[in-house]
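The two complexes that follow have subunit A in common; it is paired with subunit B in the first and with subunit C in the second.
Up next is the complex of A and B:
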């Protein structure tokens, strides 16, 4: 019975916690610029992230190692330092974007400029990490995140063209603005296949003391939670395509995206957008901050754990303290949160191979996963998506920056 | 060395920068998008679907973005100048909470959007 409850809670929190600043920004930009045409990228990214999250949970349950810990042990510190640095840089940018998302949400609700909110938001994140437990971070905030289901409800109110939706599941190139299309496709993949997600998930599994009896829970939570969660991302894309694109609005700023839900829900649509953005980004900011502390502490062999008192894991607590306040600089200096988000998501796609290649080696090493090693389908899906995201990123990022 | 060839080549090809036609296309796209945003936010405000502060901030942002586009293509196009004026009138309507008067500005902005569309078409045909 308790396992069923865990599966249910895992699925619910995965749905509530699925959206973050990257998923909202990339889906809104995709829908407003290209209609339903980039739906395939969300579907592909979701399939890949289901495999990766399942793999990271399986690694933790079978080997009792977190992903970072296992990579460092298997390949040595000199190797691990490269994915570590890449991940910390991307986490820093993503955290800046998430904090920016919360600040924008507060600006929308209060009218007070977003930069005034950066430090109070960072303080709130730090306070929750300092005082809270892993369960509170993982489940508490994600339950509030269920408000993002408003985007799914909006789909039913807007009644999109079903044949057009189904057609969009197959990749196609647009008639114009191909470089931007590719850049957004890369950003969607980067937003969905965020390495912080599986580093965080494996650390959480170790914190929750998973063993082999949790393999079923892990499989159910990864596939159903991520699968249903992606429907929220799809919801954002469809709503943007239905509401903003016909008016000729392409989302270059969150102020434009905020209008998305006013058509189906009126004034409450505006409030729902701001609250969804704020909660989704706040939850993700907690996870990214914690993830950075996890991977650095695990790499350097320090004591770590969100369930430990900060005194018992002083260096671990110091990392997230320094990290969360440093990331506010990106907002305080006036970087546009939406552009920061899109860029950090595309950069995530560039670093994917450095994280995923050693991960795949581990998942095929019997020393770590015994009889539970990857099958050819898991290996194939992850390799294909990672290569696709990396190649698209190498092509699309220069084109986007320097102009097509 | 080979590892750096493809990214280097791409950077080299793309770093040449945009042509003036591409700049114009981009600027018009941005202008149309922000004009449409201003119209949608104005309508939403009239219907009571968005707060005053947000409406003002978004209209000001629309003005700034359109202004940036105008400067980028260095044009003295009358419609674009009129559009800026209309946006300023909308900001004033929101400040004065005049929901009737904004109807005129919304009609005006619709007209200007159409004129920008026509201008964009002519520019597209000339290129």
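Up next is the complex of A and C:
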């Protein structure tokens, strides 16, 4: 396949796959509670994520190691065991939230209680992983995700106030309810800078057999894909600010968020919201499930790969099989999907430092990245993100209690 | 070669590049009056557990003895090591070693019985 086509496909799938349950919930809550004020958090998170995703791809393309492989090798198992266990726990909660998101979407469309959907949804995810290839998961599902561009179209229909928009690109403190404001800011950053993305992206680069000739593709896909993708998140925030905030609706449940597209699109807006939520969460659920199998298999050196037949990677396929069905328990016992989402996004922020710190070492180690070491800008961003991650990790839980 | 940097925790592959675990431990033999000799590479849950904590090691060991297959880590003589580049390549057939005991068991007892798993 020509490189241009790969770049194009990579960007399209990044846009289609950008939204997940966390991005939708945190952006909608931010917009409905604080108008445009939290736009800066999305922009800041996106910049961090672009740099880190580019690094995970570069690491994989140059060293032929996934991020998980490299961290275990370079830091030893006694270090890697911490991010590994933390990531599996967070993946479990996030997967529960994503499955919950698909179930809510199906409930909105059919009126059948969301708990009935949990097992069928898990089965559909499992079936795709069991039968599908990496290309199908990566490209096929994310193409459907382009329906989430409805949020971007909605911005043009709603004509938001541009000066107020540009002003909110710079961080500011609100006049009231500061803990809640900060809690949402932390959740937005947690939802955007999600560790599974880095493990997943570097595993994907190895699945797609990237080598040094893919460094340009990697840079373009990471920056343009994530950059344009974040516009969808920004769309959700702006629509929530324009439609929900003036009516005094804060997002306490997904049913309330479902109303946000009805002003620009009428009845079809409701359907569009449900379909966007369902597809975005389904795609993310596939990735999170696969990610868990990747990191466990890579940590222990098992055969892994979505392109392998399950019999060639028995332990790898057993992990995702067990994982996807056990995550439905969170929905079956009746946890509220929105609360679960916000909680898992805050927890993501807590584990972030253990995932980010290794970048600083790996991306400057010639043994791994050779001549393609980080420049001072990239290192600056990693140092900044590390500090940010530590701050988020410390404040996330207290804010959850006081502002969540 | 730097044992800890280039060998420990690296991917183990067999002569056909089949993944067969990680280098979970390195065994060095001390001999009186002679320099120490690099004897074995170890792979397996017990070797890994021993590095984390002695108690965890006892638990895993007890579990393995009761239900498991490889209570002792699988030891590969250093003479079998072919290459220590990106992966540590071993001159064996992975399918014939205890390193893949659990992989084989899952394949034959679970995966095979799920539709599409044959």
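What we mean here is this: the second predicted complex is superposed on the first by the 392 of 404 C-alpha atoms of A that agree within 3 Å, B and C clash if a C-alpha of one lies under 4 Å from a C-alpha of the other, contacts with A are read in each partner's own complex, and residues count from 1 in each chain.
Here is the rule we go by: contacts are C-beta pairs under 8 Å (C-beta built on N, C-alpha and C of every residue); 3 or more make two chains touch, one makes a residue touch a chain.
Here the structure is a predicted model, which means the values were calculated and not measured.
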Touching partner for A:253 - first (subunit B), second (subunit C), both, neither: first
Subunit B versus subunit C as contact partner of A:63, first or second or both or neither: second
Which superposed partner A:336 touches (first subunit B, second subunit C, both, neither): neither
Touching partner for A:314 - first (subunit B), second (subunit C), both, neither: second
First (subunit B), second (subunit C), both or neither touched by A:6: neither
Which superposed partner A:130 touches (first subunit B, second subunit C, both, neither): second
Which superposed partner A:365 touches (first subunit B, second subunit C, both, neither): neither
First, second, both or neither for A:262, with subunit B first and subunit C second: first
Footprint overlap on subunit A, where subunit B in one structure and subunit C in the other make contact: none
Subunit C residues within the subunit A interface of the complex: 4-5, 8-12, 18-22, 24, 43, 48, 51-52, 86, 102-104, 106-107, 110-112, 114, 116-118
In the complex, subunit B residues that touch subunit A: 6-7, 10-11, 14-18, 22, 29-30, 32-33, 36-37, 39-41, 44, 47-51, 53-54, 57-58, 61, 65, 113
Complex contacts: residues of subunit A adjacent to subunit B: 107-108, 110-111, 247-250, 252-253, 255-256, 258-259, 262, 266-267, 269-270, 394-395, 398-399, 401-404
Of all residues in subunit A, those that touch subunit C in their complex: 63-65, 69, 72-73, 76-78, 81, 130-131, 299-304, 310-311, 314-315, 317-318, 321, 367
